[in-house]
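Each of the two complexes below includes subunit A, the first together with subunit B, the second together with subunit C.
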Partner chain A sequence: MATLLDIVTTAAILFAVGAGLLIVFGVMKIINFAHGGFLTVGGYSALAVTRLGWNPWFSLAFAFVIGSVCGMIIERLVVRPLYARPLDAILATWGLGIIIGQLITLAFGREVQFVQSPVSGAVELLGSSYSEYRLLLVGIAVILALVLGAVLNATRLGLVTRAVIMNENLARGLGINSGLVRFATFSLGAGLASLAGALITPLSSVDPNMGVPWLVNAFMLVMVSGVSLVSLGVACLVLGGAQVLVSSWGNPILGGLTIVVLAALVLRFRPQGFARD
Partner chain B sequence: MTSHSRSCRLAAVVAVSMGLGSNVHAADPIKIGIPVGLSGANSVVAPSVVQSAELAVEEINANGGILGRKVVLEVADDGSGAAGAQKAFDSLIFRKKVDVLISMETSAARNAGLPIVTRGKTPFIYTSFYEGRSCNKYLYVNAWVPDQQVAPIVDYFMKKYSAKTYFLVGSDYAFGRGMLEFTKSYITSKGGKVLGEEYLPMDGTDWTPIISKLKAAKPDALITSTAGGAPNVTLTKQLRAAGITIPYGNLAVDEGTAKSMGIDAEGIYISGSYFTNIASPKNKEFLAAMAKKFGANLKTPNDLSVPQYEGVYAYKAAVEKAGSTEADKVIPALAEVSFEGPRGVIKMNKQRHAPLTMYLGKVKADGGIEVLETFKDVDPGEQCPKLK
Partner chain C sequence: MLGIWAIVALVLVAVGPWVLPTYMVNGLIRAFLYAAVALTVDLLWGYTGILTFGQSAFFGIGAYAVGLMFTHVGFGPGYATMAFIGAVVGAMLVAAIVGWLAFYHGASPLYGSVVTLVLPIVVSQILYSGGNFTGSSSGLSGFESFDISIETWFWIAGTFLVLLTALAWLFVHSDAGKVLVAIRENEQRCEYVGIDVSRVKILLMVVCAGVAAVAGYMFAGVQMVVAPEYAGFVFGTELLIWVALGGRGSLIGPVLGTLVLDVSTSYLSGNLPFVWKLIIGVAFVVVIVALPQGLMPLITGFVRRLMGRGGAARSEPAPMLAAVEEEPFAGLQGAGSQALALAGVRKNFGSLVVLDGIDFVAGRGELLSLVGPNGAGKTTLMRCIADGGERSGGSVRVNDHDIERLPPYACVGFGVGRKFQNANVFDSLSVAEALRIARSRLERPSLLRRADTLLLPEAALQVIRATGLDRDLQREVRHLSHGEKQALELAMVLALEPSVLLLDEPTAGLTKSERTLIGGILVDLARNHRLCILLVEHDLDFVREISSRVIVMHQGRIVLDGTVEAVVDSELVRTIYAGGMTPRSGAVA
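Presenting the complex of A and B:
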């Protein structure tokens, strides 16, 4: 029972971390290697909230806003000039990730620090007690998925975005301002990464390089998910579940490798991954 | 006089003053190198270690330095691990040419640095508690080893809670494994049983699978030995979030880290050679001096930072006894000198390690420690029988 909850909560965390990367990949066809840096920005936004003594719940909204603003600035200055050169854009985002890490070190120091959790303790669930905060994360991930789904499927911006995802040149030919879509998407992706960073910190800690391990896992999950949020959810459950099982029955060190190894195997045998096609 | 003899006189004066000048250069400062984890797992504790060293150096310089020479600190970040330690040790020993290394580090960092210490022939006073049995021609240790630290916790659990079954959790490196190996054999020798032993990499933050296994095993007590600093905090946070309330003995947490854990740390049992509420006059003097020097920036002095203060003074005593900073003379002298510091009289004369007074304590809700039992002058046991 606890293992099942472990799987579901781990999948929720992975989904929250991966959603922003997926959206950026879908629209802009580049992997945003600064995603780890935005995660770190979110973690430190939560730290700032703790330091200022505000309500810990506020850190989620605060992190999202800070992340989006950073995303907007970066899209304008770094990514837009590189539209025509996607490989260079990927390299630029990698460098950006490093710069973000160093700026945070200058501002906050190198040491590991800790953030206040909005809820603490365990709740009784189906016969065993389980961490309340982890269960909360499942709820938040579900809400996130629903909101993103709604935006993509039920709004004009979503429609336009889906058109750009399908075929950017054709969309532009129809008069859609793809530059605006890219701008909005990158900012949203950065905001989501930042939000995810704020979500994961109460469970552990913040340090200037906290985003890097998550980046690797998020990257592999996005690679097997194609462009669909649904297939991302499935990938998170399957690969995240495998990670939990390997960690529980084998050891956590092998567990850390599971997602990467399995993702590579999936892509070898089914190049479109979990996407429908 | 002729211009020839004047220029001779001038040359003689210049030569003599240059000779005098080189004597003045002989009063070079003594450099103490401190490789410490400013980033990574130990970064929670490192600032307190640096503060201890700074106070010791300030006091020593105010009293005339060592052998009339000023003392200077060189701090380098070892990243709390092996890769960073190689860089830090290389830079301190070969570039900055320090006379001695005095510091607290993770066992991974220490083990990576020792070959460099041997190559550089630099004395190294290790001020961190660790898993024991690290032996090197240039190494001295003034902090505790498991032979001094584990028994109080296990004995107390067996006596007070009748704890027969134990679950062990640690960080996956020399310290975590070494401490728990000792603990497991001690528990078994006292008639207890170890139900499970789980490890996470030193920088790992997700203890979820281990906590689930712990709950499934249903032990009477939990004993942990993670790297000092961050892993303690993440593990304790996640344990409390999962509702674990069995007696919890932490072999590797210091008072400073316990304070930063807040309410989650309440009830943890710890065993160490230093707590801030030790009632000796030397400790009170030390705490007052620290408060005066650092004021609001003071990091709680703890079992990982106080040995640093005493280590610097031990070096001073050894250099004064040896009459020089040469490693060949200082190394034997370190076993013969003693220093009375906040932890009492410390002498590293038992196979490079020191007998220490140990305390068993329990963390209170406000982060302070309630001392339950005291053990005077506990012997470190056979640590380096082969070392002369």
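Presenting the complex of A and C:
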């Protein structure tokens, strides 16, 4: 039972972490390696909220706003010139991740620090006790998925965004300002990453390099998901589940490798991954 | 020129330990070895376009071969040799597996990068989980190692780097080295001139892995410490940063970039620990965004201006052109009687049927034109003949060889030569280099030299002479006009000595006189060289002038197949071209 809950909560966390990367990859066709940096930004936003003594719930909104603002600045300065060079965009955003990590180190120090959790304790669930916060994350991930799905499928912004995803040149020809869509997408992606960073910090701790391992897993999950939120959800459940199983029955280090290795193999034999053709 | 520079570099290495402070000598030994790995990153990424995060893994494998052998087995000349062989062979084996995974036929460049990113993560995690055997996170240290003075290590590592750089220099300037650039520029065209791109990439990866492992071996030998970080993903990205800042695709840039950055890091990170890394990060981002070629071109440009040599004109003399003895069916066991035989060829994208039941046979010496309105499936049919992976059903035989599901380079081996609709060439190569790439299937290019004659079949020579390209052999292809690019691509395809020639609108965008010229050459190829030519063409006058047979396609099927007179003047062709051939209005027409 605990294993099942672990699988579901792990998938939820991975989904929250991967969503921002997926949105950026879907619309802009570039891989944002600063995603890890934005996660870190979110973690430290939560830390700032803790230090200021504010309500920990507030850290979520705070992280989202800070992350979006960082995303806006970075899109203008760095990402925009690299639209035509996707492999270079990976490198430049990785460099941005380094810059973010160093700025955070200068501001907050390099030591591991802890953040106050909005909820703590455990609940009794079907005869076993389980961390309340992890269960809460499942709810948050579901809400996140619903909101993103609704924005993409039921709003004008979403329609325009989907048009850019499918055929950017045509969309531009129809008078859609694809530059603006990219700008909005990147800042949304950065905001989501930062939000995810704030969400995961109560589970462990913050340090300036906390984003890197998450970045790698999120990257692999997005690679196997194509550009669909649904397949991201499936990929998180399947690969995240495999990770939980390998960690609990094998060893945790192998567990940490599960997602990257399985994702690489999935792509080798089925290049479209978990997406439907 | 290379010899002089290499000697200067060797002299610098020789005097280094006597004039430099000890701390610097130590730092430089490490930097020399890092630079050797950076050089392999440059070959893979800068020259061939494979963005790799994984060279650190091979460095780590080399280092751990030393650490594990000397810690757990023992130290001695025999063990050291065994560790060396283990390092190199182990790294190469891993590289072969990684290459097989990353560079399968049709893999996207992004997938290749994904795999190279997974590799160092897997290797370093295995090292972390190795317990006492690998020393886990603290690694292995304090093992007995070579009893060599620090000066001698400096000479060994420095000489290794200089020789490696010189060798790499010879390689990238050789005929074989140009194949790497061709792959970076246009992988598809490489496949269609018969180069097995996957194999080239895997071989390159294997060699680069071996070199990185040797560097790692020396590193562990001199430092007497190994740790999982040296095999990790972060070190892999650091190598990319050094290469990017120095200047990808320039060899010297990455080497100097690594030396300068690594040594200055060891000095400055003490005083400005975080600021220094921040500066590197900012410099890296600025270079990627604004100076993709790195800092090296700035320096060389400055030196050139100082020495009064301007311009990027290529200084080497143009190669001599000569005709080659043609062997059209080289490497084929029997050519059969039919040049091309298609049976039931079908192609669909999901439920959309693009080609349906295409059957025809074409013999040698036929000049067969495919006509039909846009969307009739003409180009798709060409694709299905030149790439076994394209069709959804049916069979294609070229010179009596079933192309099965084989990739384009294998179809080229059966005698197919395909010219694309839009000029599909290599922008940053010269005309002569591009032609030589097209010959590399038949003449194995040298790994260290560039040949001074360019052997081409008569027909290819005819095309480049007629279009004046023979006077422009050293020109970069990007500077050619549209017509010249078309002619170059045709010459490249003819250089393959094909027996089945697929031409997709070869005269599109050409002037009337160029068109007549190409038409004449095609007729000559069919009549006198007995080539089977399949031509997609919209210009019915051109078709009428040169074809011996015409096939009309409409909505994925063959609707007419016959002589020029019978087809071009038929009522059906006129209706199709007038756009009236839909089932409903067809009755009206």
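Please note the rule applied: the second predicted complex is superposed on the first by the 277 of 277 C-alpha atoms of A that agree within 3 Å, B and C clash if a C-alpha of one lies under 4 Å from a C-alpha of the other, contacts with A are read in each partner's own complex, and residues count from 1 in each chain.
The rule is simple: contacts are C-beta pairs under 8 Å (C-beta built on N, C-alpha and C of every residue); 3 or more make two chains touch, one makes a residue touch a chain.
Treat the numbers as computed from the prediction; the structure is a model and nothing was measured.
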| item | value |
| --- | --- |
| Partner chain in contact with A:216 - subunit B first, subunit C second, else both or neither | second |
| Subunit B versus subunit C as contact partner of A:92, first or second or both or neither | second |
| Contacts of A:128 with subunit B and subunit C, given as first, second, both or neither | first |
| Subunit B versus subunit C as contact partner of A:253, first or second or both or neither | both |
| Subunit B versus subunit C as contact partner of A:203, first or second or both or neither | first |
| First, second, both or neither for A:111, with subunit B first and subunit C second | first |
| Common interface residues of subunit A - those touching subunit B in one complex and subunit C in the other | 110, 251, 253, 256 |
| Interface residues, subunit C side, partner subunit A - complex | 49, 51, 101, 104, 106-111, 113-115, 117-118, 121-122, 125, 128-129, 233-234, 237, 240-241, 244, 274-275, 277-278, 280-282, 284-285, 288-290, 292, 350 |
| Subunit A residues within the subunit B interface of the complex | 2-3, 6, 9-10, 110-112, 114, 117, 120-122, 128-134, 202-205, 207-208, 244, 247-248, 251-253, 255-256 |
| Residues of subunit B touching subunit A in the complex | 38-41, 43-44, 46-47, 77, 172, 198-201, 204-206, 208-210, 212-213, 215-216, 229-230, 233-234, 237-238, 240-243, 260, 264 |
| List of subunit A residues in touch with subunit C within their complex | 31, 78, 81-82, 85-88, 90-92, 94-96, 98-99, 102-103, 105-106, 110, 212, 216, 219-220, 223, 251, 253-254, 256-257, 260-261, 263-264, 267-268, 271, 277 |
